[in-house]
Amino acid sequence: MGKILKLGFPKGSLQESTQKLFKKAGYNISVDSRSYYPVFDDPEIEAMLIRAQEIARYVDDGVLDCGLTGKDWVLEQEADVKNVAELNYAKEGLKPIKWVIAVPNNSKIKSLKDLKGKRIATELVGFTKKYLRSKGVRAKVNFSWGATEVKPPYLADAIVELTETGASLKANNLRIIKTILVSNTRFIANKKAWKDKWKRQKMENIVLLLKSALAAEQKVGLKMNVPGKSSKRVMSLLSAIQSPTVSPLSDKGWVALEVIIDEKVVRDLIPKLKSAGASGIIEYPLNKVIP
Amino acid sequence: MGKILKLGFPKGSLQESTQKLFKKAGYNISVDSRSYYPVFDDPEIEAMLIRAQEIARYVDDGVLDCGLTGKDWVLEQEADVKNVAELNYAKEGLKPIKWVIAVPNNSKIKSLKDLKGKRIATELVGFTKKYLRSKGVRAKVNFSWGATEVKPPYLADAIVELTETGASLKANNLRIIKTILVSNTRFIANKKAWKDKWKRQKMENIVLLLKSALAAEQKVGLKMNVPGKSSKRVMSLLSAIQSPTVSPLSDKGWVALEVIIDEKVVRDLIPKLKSAGASGIIEYPLNKVIP
Amino acid sequence: MGKILKLGFPKGSLQESTQKLFKKAGYNISVDSRSYYPVFDDPEIEAMLIRAQEIARYVDDGVLDCGLTGKDWVLEQEADVKNVAELNYAKEGLKPIKWVIAVPNNSKIKSLKDLKGKRIATELVGFTKKYLRSKGVRAKVNFSWGATEVKPPYLADAIVELTETGASLKANNLRIIKTILVSNTRFIANKKAWKDKWKRQKMENIVLLLKSALAAEQKVGLKMNVPGKSSKRVMSLLSAIQSPTVSPLSDKGWVALEVIIDEKVVRDLIPKLKSAGASGIIEYPLNKVIP
Amino acid sequence: MGKILKLGFPKGSLQESTQKLFKKAGYNISVDSRSYYPVFDDPEIEAMLIRAQEIARYVDDGVLDCGLTGKDWVLEQEADVKNVAELNYAKEGLKPIKWVIAVPNNSKIKSLKDLKGKRIATELVGFTKKYLRSKGVRAKVNFSWGATEVKPPYLADAIVELTETGASLKANNLRIIKTILVSNTRFIANKKAWKDKWKRQKMENIVLLLKSALAAEQKVGLKMNVPGKSSKRVMSLLSAIQSPTVSPLSDKGWVALEVIIDEKVVRDLIPKLKSAGASGIIEYPLNKVIP
Amino acid sequence: MGKILKLGFPKGSLQESTQKLFKKAGYNISVDSRSYYPVFDDPEIEAMLIRAQEIARYVDDGVLDCGLTGKDWVLEQEADVKNVAELNYAKEGLKPIKWVIAVPNNSKIKSLKDLKGKRIATELVGFTKKYLRSKGVRAKVNFSWGATEVKPPYLADAIVELTETGASLKANNLRIIKTILVSNTRFIANKKAWKDKWKRQKMENIVLLLKSALAAEQKVGLKMNVPGKSSKRVMSLLSAIQSPTVSPLSDKGWVALEVIIDEKVVRDLIPKLKSAGASGIIEYPLNKVIP
Amino acid sequence: MGKILKLGFPKGSLQESTQKLFKKAGYNISVDSRSYYPVFDDPEIEAMLIRAQEIARYVDDGVLDCGLTGKDWVLEQEADVKNVAELNYAKEGLKPIKWVIAVPNNSKIKSLKDLKGKRIATELVGFTKKYLRSKGVRAKVNFSWGATEVKPPYLADAIVELTETGASLKANNLRIIKTILVSNTRFIANKKAWKDKWKRQKMENIVLLLKSALAAEQKVGLKMNVPGKSSKRVMSLLSAIQSPTVSPLSDKGWVALEVIIDEKVVRDLIPKLKSAGASGIIEYPLNKVIP
């Protein structure tokens, strides 16, 4: 097949956010709703839609050269793969997710050791068993086909479940005992593919662009004009965060400042810049910020 | 809790058809979309919505007294339960479903023994492994999180998948090698609960009503008036199927015939009845046919 | 306009169930999704879709001759109308609904008198004020534009809300203090229209058919054949409920029994009939049962 | 292909109502949303989903043995086919539809002859041209790809459009000049297929069952008990419509009457029957009424 | 609760546009579809989803420190609150909305005084009554639960209704008599909270960012390169609108111009700039324009 | 009507993308879902929603001054119009679409001449007939009301169908014989309107803005800072594509480079720029790129 990179694309909750990220990175992907083969506008990439739970298995097998999936499922599948990059995005936000042990609010179970002999329902059976074994706790861990949160107290004594905000656990009157795994999205590679020079270079380029696009999600551009007298104060405000690009303006004594910063700090910074003398402040969006 | 029967109600593909069947059997069930506890208008029944895959496990455990699930999942869970009744209905039709081993049309795999060393994807991992072992075939059987039909040939060499009409297999260019399990819906009971006299009587009543409702799904009532001279011919047509109820009419020499028969035979029977002299033929729907 | 009956048809939660009831009563109604004028296949009826909350007002005014709405809104609007018939059906079931005062589970409010000086949110402002006044309780009653259940404890101290099963109150951790109104659906008439002979006859006919259809919702037909020897036992079982129609069969010594009974009693009756010797028992659905 | 009947099944607005009618006639049809080949539970029937507009063409060609479509499209396609049966049902109701010439309310066009030289938009180009020619009117008739009603006055001077209730025309401020075609659903056959004895018998059976089911849509069963003294009055009320079946009851002097009548007359009949002395009146639904 | 700002977030028609505006202002808000508490990524803000109609009442009460709602509902609730800022956006556009008195096209009502004794339906009962009283007009103003536009002429003689484009009024054949209120979105504060130094500063910062984001909705950035000879003409075109930032380019004699202007003027400006000698003209989007 | 430009706006598959393009070009368009008259925020433009198939006919007639439609339908309608501009966008992508002749994979038809006497189904009847005639091929070309791809082999021997990616043809086992038309979106004008000076200027301005917006869809802005020593290498990388704008920075020896380039080349360029010494590389989105 020559110069082809086989990529596992996560079907399901990660699919839409992954597709948007690739688009921002510069790849147009056509996904026909009836096909499992998304078409990239790069003929060197052959992608396949696969549930995130299974991608690591197929990357390990060598059926795929690489793929995007969660750290959780890499561990659950006990896949022996190269971890190329961590990409901090999930279904909705840009933060890692957590797998936690939870019990009903009024349960007598307070700590790991109270789980002894109890029934635990989870989709992450393998990792949970290994974790409990490592802590010396023996419990019955059963695979849950869904609706895990409503299983306690009748169908299970505790659950191991994924949570982003804790809202669903709270709504089901569950209390967190312990976080057993913090997981993010990973770009993983088959170890043999990673040794292939062409494939490795290809993967590194993709990862560079994905990271640039992901960085741009959290950053914005800020421009302003500053008169000479205010220059020092404004510079000191900005330099604390990121060294700005300074350009002379034709209007003597004025300079233009431009800086790329985290969107989060903008809302505190703007009132300060304004009172320090900056004028014509604007914020503009970015597609990519190359690290 | 005294006189309470705890019933597992199948969530998912069987849910809607099960709810309709219970309604026809005379039970009104309120299901709030946010709750997993359907409320029966019989206070002696406490139901819980659970995935069909898991019901047998909880009936075996004794968390539930009884439940409705597929024979397939009873076997997969290796549950030790009382099989109270077979109810021939599935998600859409009234026929049993099948689990088959399928491979790509152009695969070299022709029979069970060709599966040796191959990768098989399925949701029914346990039963499949046991089945292959019993046939002396060693293969890698992996759990599939969905979209099993599109896995061959890249992600699997063969699959074990549920099929009703074969349409989905055909659409994915798959060929059936072997049917390994024919499954229907079952009413199962916990063995201890079955020994409890009150619970057993309760379950037997529910099953009688469910069976009456299920029978009515496939049967219709037929009524007609017949003059004396035609009586013999019409009777012989009907008696071949089911002995009719004959009532005298006030109009001398005429009788009214009424019979409950399979809907399937009606379309062939009606033209014959008409030409045999029956008049005023009508067909009416039924709610229950008590066996 | 001559012989025309102007009817207010409830838009919103009662609309679908009212339309089904009229259909069963023998009226076909076309409702174009863009029109507020449902077209009856009876040219003597001119209907208009109006929110149940407002119908009583327009019947009182004489803009409408009659309408279907809840007792609750008749009282809220303080409408002076003729109450022609009570029809026990609501959005989903065939039972009356209740308006209750509810407070957070952990509220200190335990009884009516604790509401003194408190903020109460409700859609039923007028009736609530009048009710509290009659009990000598002074409180601030505010109109709520929706999502009333989530208002306590921040936006209100108590609410007055409609409930069928109590499920929504429970889900919002609210406790019922008092039921202040039990309401069903009513067919109401303008008092002047009621005195018009033609209009009154027309309304009485409609009500008779609606009641026949409503009765049929809760009843079924039961037929069976009984040999002479069992006749007495079967008759005594049935006669306790409803006197059956007995017809002779051509087969000597046998009779056919037919009875119209509440669907609710069927599930208990069938096992008894069977063991009493009845055979060929079937249950069939009804469109109308004329009272 | 031996004993196979090839049937064109109308895709689009007639599809759902046709499927329901076949179901009531006793045929179960599985339609996979991705397939154009509905599967009948009668292996002698091979069906294909085709737009109603095109079915007549393929029946004429002999690609299909028979099909269900509108009289309008049989004429538009100028298909030379056998008209086996007229079935009075459409997308929503049981009445024929009409094709009308319509113009803006304030148009100067008042009659057919005013259309001379005007632009007419329609989906029924061929029939419209022929019709106008037969009336000696020359106009420009253009094919309209949809939204025909909004074309006047800018994009067309008049339209020829299908209407059931006239509501859409009214909403677009259009006035009907002339009805040029009244159309219903037809079962048509290829003329050669109609001469094949087996195919003809098969088609006649299907049509008999479809007609029985269609008749049952508009009829209901009525049963009542009548004491001797009222018998004459009740009989005279019923006999005016349809001669009833009279059965003796075990209770001396009483008879049971049963009659199948149009649902439409029920609402007027019931009050009369009641006051004539009939008791225990019930109405029940029907599946088929064999003509 | 210390440093917490309690914010009322408008549920319903304003919700989506408000959420987008906050996002552009730099606040990420998670709204769980089952919760009434949107979570801001600023822990100092506690928000609650409340119908716009009610927010002013709760800000007045002090249950909330501040909120976003329409001027219309501030007046209707007669709330005594601090009007912090006017934000010109509505459900769909960036223009204020209007409440108008409308009557059927063919009504005899021509002016305010013709409303005497008439029935007026509206959701804005209080304000309408007050308005009419101030004009010396006595009429019956009734609360309308919805579908106000279809009430005339039967259920009301006139209505007071919200309109953006007049399209819905036109579609219902209504004619505007008088605009009685022009309303926009407002950021309002509880008067006591406004006196709290920390809360006031917090609110002012939020308002600054909301205004910056709102300004950016209507503005774009324009960049171009200009050779010395064209500089004067291009400058004069731009300066008429907004003074541009001028930077020297390395290419002698050329300058780069950049300006932030209303998107509306761009489509007229661009052809002029081009013919004046500007080259490499591009337009880019903005996130914020700090006023 | 004075200074008004009447514009045909394509309803259907092109509608959404055309609306987005106009928005980016600086025109806000309100489309009420119930109206066929989109309202532009430019009072000199009066638009009407018309199916793309018909627009050319109305532009030719002079009912419209101009419109956006496909080259395919201009040819099918044989419209005599001015082709003002080609705009390369379609329903989903920015590439032209193709009309092809396709046959079943296993058909004996291999080339145009094999179509002799065959049945061809298509929506593009006129163009297809003319094309075949020009090639000396006689075949039966029938209008297809939809689902053209499933017609072969029973209902047609070949089809002429529109394709973007070929996916749908492949899914229906069809093979392309010949591409008979490559089509893109066109801005067309009535020939008389084009001679009107004001209308022509207006159309040219609209086209300039549409083209600027379309160009911006495929281009991005790239900025970076470069130290003196790297300047040459970076410049040579960029200059190969597009000459960059170079500005001096206050930091001696550094320059800022800015360039507008095709998004497609970015993913290859970025790694090279980085290794050539550019720093602070960012990519930003554009609204318009004036050609």
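Letters A, B, C, D, E and F name the chains as they come in the text, with residue numbers starting at 1 for each one.
Convention: contacts are C-beta pairs under 8 Å (C-beta built on N, C-alpha and C of every residue); 3 or more make two chains touch, one makes a residue touch a chain.
Just so it is clear, the model here is predicted, and its values are computed rather than measured.
Listed by label, the chains that touch chain B and also chain D are C. When the partners of chain C are compared with those of chain D, the chains appearing in both lists are B.
Of the chain pairs C-D, D-F or C-E, the one whose interface repeats that of B-D, sharing more than half of its contact pairs by residue number, is C-D. Taking CA atoms, the transformation carrying chain C onto chain E includes a rotation by 180°, reported to the nearest 5.
In this assembly, the C-alpha centroid of chain E lies 35 Å from the C-alpha centroid of chain F. One inter-chain figure worth recording: chain A and chain D are separated by 58 Å, centre to centre, where each centre is the mean of the chain's CA atoms. Looking at chain E, one finds that residues 34, 247-248, 284-285 touch two or more other chains. Taken chain by chain, the contacts fit none of the simple shapes, being neither an open path, a ring, a star, nor a full set of pairwise contacts. Pairwise chain contacts present here: A-B, A-E, A-F, B-C, B-D, C-D, C-E, D-F, E-F [touch as defined]. Across the interface of their complex, chain A is touched by residues 92, 165, 167, 171, 220, 225, 247-251, 256, 263-264, 266-267, 270-271, 274, 280-285 of chain F. On the side of chain A, the complex with chain F involves touching residues 25-27, 30, 32, 34-35, 39, 41-42, 205, 208-209, 212, 216, 221, 245-248, 255, 260, 284-290. Those residues of chain E lying in contact with chain C across their complex are 11, 36, 48-51, 53-54, 57-58, 63, 142, 144-147, 150, 154-155.
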